[in-house]
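Common to both upcoming complexes is chain A, partnered first by chain B, then by chain C.
Let's look at the complex of A and B:
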């Protein structure tokens, strides 16, 4: 190879691909196709294989929890970076979806196969309805309201001693076996990851982004910004409620801790680490952050310190996130070509 | 549709105050289908406020606006645009992060464009990307060049002004209200915009044009209305308006008027 270096020069792999893949033209060769699809295959393959290679059932359980946080991070990233609504609603969505699935299962005897989709849609409907009056609010005010609801609901359940009160709802049906349990949520994560990516790259995705960047022009275009914000909140809360419904079947228990603040905060950290606005980044962020936080469980409350340090480091040194950095490096890969 | 005698747009006693300061004071006028009405007035005379009031971008303190006999004041801005009453922004508001042609995909995605097909119904035939390039081409974006594909943040003012118009056209509008589309443009750019405005009128679009460039405005406008300190001074042909004492007073010392008067 080396001796012929004289007649060759380096060329970036994405030369000529990027323009065409973003425009209307078809891709040319297998090599170019594989350049585009290789990362996707690695991601899908990697996630699918994970339950088979982890050392113990304990770590399989961790993967399920990772997936729950991945869904929440996805829901946060979509709403914050494509629609401009910063939501701390993770706990709200998990709690709503979780309690709904619990009630449907224990009071109405529905199997997980039914409780999860019903809790997803009904929960998204309830969350959207409750958040609807706050849609005109911007930035931190919307965030505060989304944070307020789970606190409020938890207090109501506690004070009125409804829905099991502080004990929670026990005896929720679990999944048929651990493989169903694992692959169900993994497929859900992949579905929503590629689904939301697809969505934001279509014309409706442009409208979502326009609502975020320039709402006056959207209104001047005869488009209701409230309508599109409502759709986006519905999608986002559906993803969150789905995660919540899955969670209570996983633990066979729904309690006040489904309204815990972790569900609101950790997805944001995962988004910062993974790369805001990339959708796939926050999912990867969850795959990094949740296991680390599990490893640090031995340190008890001290792990908050490590946790804070990691986050701080990311914000200071690599504020763009792993995914943005990785994508840029990947596009900069070079190959030798003959000249 | 409507008889030529009934105005397409009626503005009745429109008033707007900002915290006690009155920006518009009982302004009334009629707009007839197919005409071009010019609105002029010194800086801060309330022209933009009037547009914002008509198109629902601000809430009027008092007064009413009717479009084809239907009351539109009090409706939200997107509803008014959906009826076909569109506006440009004096301070241009493109989606800077998007290429020029993607900017138009958003109005083409609106309920009105889906219903009517956008300008000349083109949206019913092709996909939104193609239709937006068609519209941009009509407005002087060379199809074969890179200009329609450039990010809006890299485009010069002249093109951004046209994109403001393009956004209105994508909605297949009945009325376009232009807030200073000529200002900030070079003489040659204006010279290329004037025939465009005339063509829009020929296609049956009714226009209101707010301008400081009086000479070019007087070439295209059928009627002129003058605002000063939020009040309507006078309404009439360009000659009538410029001969008026109150207008001379309002514009006292303004080079724009002297220049026009010299040419008159």
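Let's look at the complex of A and C:
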């Protein structure tokens, strides 16, 4: 953007309406109010209406899967860009939550309404406990350790032949009907999307970001970084485990494939494409990537090649992502000026 | 005795997997998650040269080494160079690259058990009453040769010394006129050559399968982490530790546990001592 244009550079100015609508003043004019609410309402309305407008049952199922990936992407984005812990362990959360829900449902006979919350909390507790020793690790080390956990758990289940071994756990109860199935997960996604957005703007979010930017200075202020990292991991793994618990009830089956690398890699791709650090971006990214991957299903494994290449292209040429780009266009004027 | 012999062979195989990964990480701090894919790719390139073009086996091995080296260098030059220093982008981009190569090969019809490389020497012998085929002995020989050559290369040639210089202190090396990008390019090229080397030596023991790419990547990471990321001799020693541990568990517990050993080695090492057994990294860089 810079060097190719020679003597010109792009000047960016905030739109007046953005500045005006930041303060309390926004409440006094419909124009400013709608400037604030329009994008949010489009998003909420769009997601809520989606199950009604898609053509077939098949695509309704795709929406549920999109939501699962959206939750994972959200949990990844929250942990990576607000707390600085890059976790490649989406599959770890999915697998733990999934297997817990499956056990609770088949062995204890609890209905989905109970298994999902219990699996979420218990799963988040287990994940946090297992990740707790790794919390001091930084950057690439934490990434590798979280990438290895799901692979290890899958191999352990395979080797010990517990929890149904390679066949998995069958006969899990499904949801009452497909509308419950759809809107349950959609509302969950919206709840966590706006919940985490609110969370990171609270005081605790400030500490989270401080831990990400400079953990030593947080420590010097007498704040325990391990405590805050633990909380963040708990929140993030709760979101992931919830997605996993929902997944096994959706498929009525829990197996080793819940630990598959797909659940670790696709959410990250969604985050990169949607815009890292925006929380909305990853959700949008999932809504773009997963349907594309479904459309390409006819090409067999070539679709994995396609999405790997899309991911590569985005990470190299457009690493800011769609959402950051969109926000810039929405909030700012751009014009070329002579230097 | 059996444990000793097969443990050694397994350890040398692991060292061969890991050396390329260790070289690239040591020089450019680039976790090359496409390593497993480059390994499989090397095998398939050799297979193509031998079976489709009908070249001499030795000629096609050399050509495949060169081709794989060039592919690795191209990946660095056109993809990874743009995201140097952003660790997570590096992991994601190189993993995506590996995924594209592996799944592309699978789509191209390279699957199943039909792709085999011929052994260099057929037949087998007995050492202390344990039957060992010549190819496995050759693995040990070539592994030792590769380690020796790599050691000589990094200690007595200009390029090798430059590689070590960048690995030890990138800024100081740059001040001495070493182009660190060019060295990283060379490291990536040599790294993928080593991956192809490992493939050519080890693949005659079985058939070429795409899934091997993922396992090789995990094993390479395990060896490098236990040995200490960036420490080349540590990687060789760690290969022996993990190699023997794997063979022991296979003998006493069952074949399923082979990967469990590697994976738990990664996790335990990272929790207890992230710089690995022989790493000399600055402690603060990897943990708080």
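Assorted remarks:
Basically, the second predicted complex is superposed on the first by the 304 of 339 C-alpha atoms of A that agree within 3 Å, B and C clash if a C-alpha of one lies under 4 Å from a C-alpha of the other, contacts with A are read in each partner's own complex, and residues count from 1 in each chain.
Rule of thumb we're sticking to: a residue touches a chain if its C-beta (ideal position, glycine included) is under 8 Å from a C-beta of that chain, and two chains touch if they have at least 3 such contacts.
Quantities reported herein were computed from a predicted structural model and do not represent experimental measurements.
Look at A:156: by the touch rule set out above, it reaches chain C but stays clear of chain B.
Once chain A of one complex is fitted onto chain A of the other, the partner contacts of A:309 are limited to chain C, with no touch recorded for chain B. In the superposition on chain A, A:298 makes contact with neither chain B nor chain C.
Residue contacts after overlaying the shared chain place A:57 against neither chain B nor chain C. When the shared chain is aligned, chain B comes close enough to touch A:223, but chain C does not. In the superposition on chain A, contact of A:210 is made with chain B only, not with chain C. For chain A, the partner that touches more of its residues is C, with chain B and chain C as the two candidates. Chain A uses residues 216, 219, 225 to touch chain B in one structure and chain C in the other.
By the touch criterion stated above, chain A contacts chain B in their complex at residues 24, 203-204, 206-207, 209-210, 213-214, 216-225.
Those residues of chain B lying in contact with chain A across their complex are 55, 57, 76-79, 81-82, 86-87, 89, 93-98, 102, 105-113, 128-129, 167, 170-171.
Here chain C touches chain A in the complex through residues 31, 79, 82-83, 87-89, 91-93, 95-97, 99-100, 103-104, 106-107, 214, 218, 221, 225, 254, 256-257, 259-260, 263-264, 266-267, 270-271, 274, 285-288, going by the rule given at the top. If you check the complex, the residues on chain A that touch chain C are 80, 86, 88, 133-134, 136-141, 143-145, 148-149, 151-152, 155-156, 158-159, 215-216, 219, 225, 261, 265, 268-269, 272, 299-302, 304-305, 308-309, 311-312, 315-316, 319.
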